[in-house]
Amino acid sequence: MIKCGIVGATGYTGVELLRLLAPHPGVDIAVVTSRAEAGRAVAELFPNLRGVLDLGFTHPDEAPLTDCDVVFFATPNGTAMQQVPGLLAAGVRVIDLAADFRLRDPALWADWYGMPHACPELLAEAVYGLPELNRAAIREARLVANPGCYPTAASLGLLPALRAGLVDPARLVVDAKSGASGAGRKAQVATLLSEAGESFKAYAAGGHRHFPEIRQTLAEATGGPVGLTFVPHLLPMIRGIHVTIYGFATSPDLPFQATYEAAYRDEPFVDVMPPGSHPETRSCKGANWCRIAIHRPRETDTVVILSVIDNLVKGAAGQAVQNMNIMFGLDETAGLGGLALLP
Amino acid sequence: MIKCGIVGATGYTGVELLRLLAPHPGVDIAVVTSRAEAGRAVAELFPNLRGVLDLGFTHPDEAPLTDCDVVFFATPNGTAMQQVPGLLAAGVRVIDLAADFRLRDPALWADWYGMPHACPELLAEAVYGLPELNRAAIREARLVANPGCYPTAASLGLLPALRAGLVDPARLVVDAKSGASGAGRKAQVATLLSEAGESFKAYAAGGHRHFPEIRQTLAEATGGPVGLTFVPHLLPMIRGIHVTIYGFATSPDLPFQATYEAAYRDEPFVDVMPPGSHPETRSCKGANWCRIAIHRPRETDTVVILSVIDNLVKGAAGQAVQNMNIMFGLDETAGLGGLALLP
Amino acid sequence: MIKCGIVGATGYTGVELLRLLAPHPGVDIAVVTSRAEAGRAVAELFPNLRGVLDLGFTHPDEAPLTDCDVVFFATPNGTAMQQVPGLLAAGVRVIDLAADFRLRDPALWADWYGMPHACPELLAEAVYGLPELNRAAIREARLVANPGCYPTAASLGLLPALRAGLVDPARLVVDAKSGASGAGRKAQVATLLSEAGESFKAYAAGGHRHFPEIRQTLAEATGGPVGLTFVPHLLPMIRGIHVTIYGFATSPDLPFQATYEAAYRDEPFVDVMPPGSHPETRSCKGANWCRIAIHRPRETDTVVILSVIDNLVKGAAGQAVQNMNIMFGLDETAGLGGLALLP
Amino acid sequence: MIKCGIVGATGYTGVELLRLLAPHPGVDIAVVTSRAEAGRAVAELFPNLRGVLDLGFTHPDEAPLTDCDVVFFATPNGTAMQQVPGLLAAGVRVIDLAADFRLRDPALWADWYGMPHACPELLAEAVYGLPELNRAAIREARLVANPGCYPTAASLGLLPALRAGLVDPARLVVDAKSGASGAGRKAQVATLLSEAGESFKAYAAGGHRHFPEIRQTLAEATGGPVGLTFVPHLLPMIRGIHVTIYGFATSPDLPFQATYEAAYRDEPFVDVMPPGSHPETRSCKGANWCRIAIHRPRETDTVVILSVIDNLVKGAAGQAVQNMNIMFGLDETAGLGGLALLP
């Protein structure tokens, strides 16, 4: 059994990790930390765990994290980078669900995250945990930077077309929409049901932190600069991300569908849907799937790629479990066999 | 492996059965029937099954149901009673998720369901499939009448108090609320998102078919007549039932909490919450749990019992799987270990 | 033109007052106060007012409230009672949308609201602002206690039956459900979209502050003690209250429908629906109506009364405007002619 | 008083017309037709009208439409074109809320709407009823083609930039999102609350009927061809449209904000928000406003224009009333002063 620790499990990615890891056949949840909730039963905070997980929150200062095989960070940005060097030194492998290790360039990171990076020397070593892109490196990694939710959906949607040269890399548009759980479990007016319900809006249209992350992934894949516009929006629902990607086709009659089917043929969690499909976010609700469909709109020279995930599963905790499975040589789908809740 | 057939799997209880049975370790889904969708892939209708269930709908006339060990009916009321006698004669065990075998009195059934019963001789044999009430009988049953969604939540909420004589059986009020999936997957104006969203209403306040079902269960448990008022309401959400039960305590200072904890101590899917709790329907979303809390409001002689389930799981398909597990000697929780999706 | 002041207009009852008063033909909004938002444009906080209301928040210490004809308090409980004596002394009439003046008994108020009352001598003078009950007194009132949202729906639903002696006053059950806007516009986890969306629960089942308010209104109307159980619930939607009232009929075949139709025949905002109706909360969304329907369920001795309002309109700001209209001799429906938003 | 007739008032644009016209000071609703509901009280179908509109549905064959000053068609596409020639001949002015008269080219219309046009000779005369574009022509029009909901939001968002030459007309992307009321009030599975709730998807990504309509408006405004990609999406909410428009700026440092503020300075219903704003659909819920904000994302050469409306108001019935006001010389804002419902 793999001994797991979870740092900062009072947010939505944390409770989602618990939902997936509690029944996982190869895992023992050894310790769950929270500064604010230390001493309280985890199931008191998250009643879906009642009767299943009999564990309390441990104060971070008293948590035996170095006894773990792997530690997940489900913390705000800037926390993991304080503790990761020590854990790696103690031989613990780390999966960071926050953004601390996602960008390779410490200056870029500092610019977008508003603080200097605490351990820039680890940025080169950290493996960007998108299994479809980096499976071999994940297997050997000490430190995995679990991708952001939007970047997961956008990158899986764009990589095959870019690598095959089917779209102009200079003029990409990613219009992204996320459920409110992406904004986290914190007390704030903007995501109250009475504020975010029955309404829809863009946010951070002038620049969002996932923009440099997506651009980095695409640029590395194409080996050149990428012109990207990325605008996120807030959906009046809890779970799910839908990205609508617009690209300009490099020539008429390109084999988009076949390229995608070939790219993802052996992937356990990427579903290329038949031509003409419109994936619904609910087809992934609670499940680790990404579903993709490709359209060539009438009387245009564009391609439209639709990509959906559950932001808390393939966009966060599920992908983290997938990475853990790869790192420890388990079946990649272990603990991830649950089907999407529909309706 | 238990060979299963599902009749009428194009509705919500049908797809929920598929969601639970597809990854069930002891089950082989042999045949899924639909008159309207015969020949179509099941996963085309329900995209959450894509990549997991590779099966098409079979026309009922061509479905080899008699080769199954068990057949689930997820059909409209009045369908199962046409086919059940033949299946039983062929040695197939049956779990009916509709209402055909829930009432013992054929005249009462005809009155509430608006048609004569096709096989009244089976009503005495049919076992009401509430495991917490009838576990032993379910084990031996050829024919299980899976309880209605409201009756499951209401009966689990009321039975301990009634059996212990803690509340007046003559004056019970059950105020029940259900998500819209309870109304089924059929084209109708009343449950459009634009009609049922952001609104709330009672329905069938003058009399609902689950009223005689609840009353029968309570009367059998108490051995006497029961005075019950039952009003269902439609919630602007998809899944979940909450019943708020009002009873008049038979004397002051009765041990409600202890009575409920004792009654459900060994039940794998009933959770008696601590005093002062308010169960949320989402704590059961997608899971087979029933969570119950008991309150004694200030300055009253009443008891308020709160009981929540997922109408499609413990209120339908999950309970059906639980019954199947019992009938075939499997671990009662097999295939039902998924935790509620929260948030 | 009536000069109005609004104290504490950053919450939902405040912005609803602004929505109704800004286009009101007989009103001039003179001053809107907020300690936290002083100096900011009101329309910056509430974009529905952009282009319509060109006014900023004034700091309470600098607000010329004594120049107003009427001041509305849309503040947390315990604030109005600090300022009302001074305003009344200055000849300003007051409508308090909070609970400070709703209970006549200062000891009861202190018990339920957890603080001593600051001006108990005004409790006898304050008029409970339910026009259907106290229209004449409201006309002359210096100080109107605007009713709570649940009490409005419950009292309008129960008063005709109680006054006519049709139900047993000793055994009343009010099962109440409210949209999340009733919980206010404050940063808290419990009413985040991801927490309160797609879920349903009771709260304060052991005792809610609207319980003594409803009981007081009913007891005064009947002239004797009332046995009441009241349980509120949180709906996964923004606006609307539905109360389901259960009473035991004092004899068979009582003229419930005719009694209600007679009681409300001349009321501009109470709609007694035809027998068999199920009022939907959306039929009042944004409008000042209360819609009521009465049912006698099959095979019971109970009556079920369904009563719906918009908690922010007839349950708060709309009723306050109705009270103002009465107090100042305007047409009672002035500014309240907007129809419910459906769908 | 203007005598109005409404043809086909059982859908959402119909009931919205009734909500706006019933309290309109200059209008008398003379006749409301419905084939299916003839003889039934309108308020029975739409309970928000109870107590306000005392009128029944008239069978189309018996409706005295030629006595009206203006007739609104709130019918499915293809109906108005059958009746409009007769009404015009009788001197009745017509506002068609369907698509029958929106495209100038009958061949294009036939291609996208799947039927030949019944009166192509009227297409040249019909005025496209976008007041911000065609106010003078609307004033004189006999026949107004009320714009589609998406085209209203998209055209208002794009026209100033295109006319001023600020964006490349060859590479426009309009990513549009609509609430479910846009799909109408018809019995169908796809827009059930349990299907469309808590989910999000694109639809008609290969080509939607509003595509040629938007393209025609933009092409006429620029006097040249336009390269447009348009993808609509379904939001899990009732009302509201948000379009996110992506354009490539024709040079750096263009005065987008000033251009838009100048273009809409005198418009009563278009609100250009301050730089950095993100309009929410709810800021227009129930109101006739269009709110627009412009962004220049970091490190890109694109401009992002955000435009929101209520699809049933500025996107349908409200714009129709605005057109009527213009046609009959009323104050353009008459009957349209209601503020958006927030929250």
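Each chain carries a letter (A, B, C and D) given by its place in the written order, and its residues are counted from 1.
Note that contacts are C-beta pairs under 8 Å (C-beta built on N, C-alpha and C of every residue); 3 or more make two chains touch, one makes a residue touch a chain.
Keep in mind that what you see is a predicted model, and the values were worked out from it rather than measured.
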Checklist entry - Which pair wins on C-beta contacts, B-D or C-D? => result C-D
Item to check | Whole-Å gap between the CA centroids of chain B and chain D | outcome: 45
Checklist outcome for this item: Distance between the CA centroids of chain C and chain D (whole Å) is 36
Item to check | Multi-partner residues of chain C (each touching 2 or more other chains) | outcome: 12, 181, 185, 194-195, 197-198, 236-239, 279-280, 282, 285, 343
Item to check | Pairwise touch network: line, ring, star, complete, or other | outcome: complete
Checklist outcome for this item: chain A residues touching chain C in their complex are 12, 179-181, 183, 185-189, 191-198, 236-238
Next on the checklist: Which stretch or stretches of chain D touch chain C in the complex?
Outcome noted: 12, 15, 19, 22-23, 46-52, 181, 185, 198, 238-239, 271, 273, 279-280, 282-287, 289, 291, 312, 337-343
Item to check | chain C to chain B touching residues, read off their complex | outcome: 171, 173, 175, 177, 194-195, 197-203, 205-207, 211, 227-231, 233, 235-240, 242, 244, 246, 248, 276, 278-282, 285, 293, 295-302, 304, 306, 308, 343
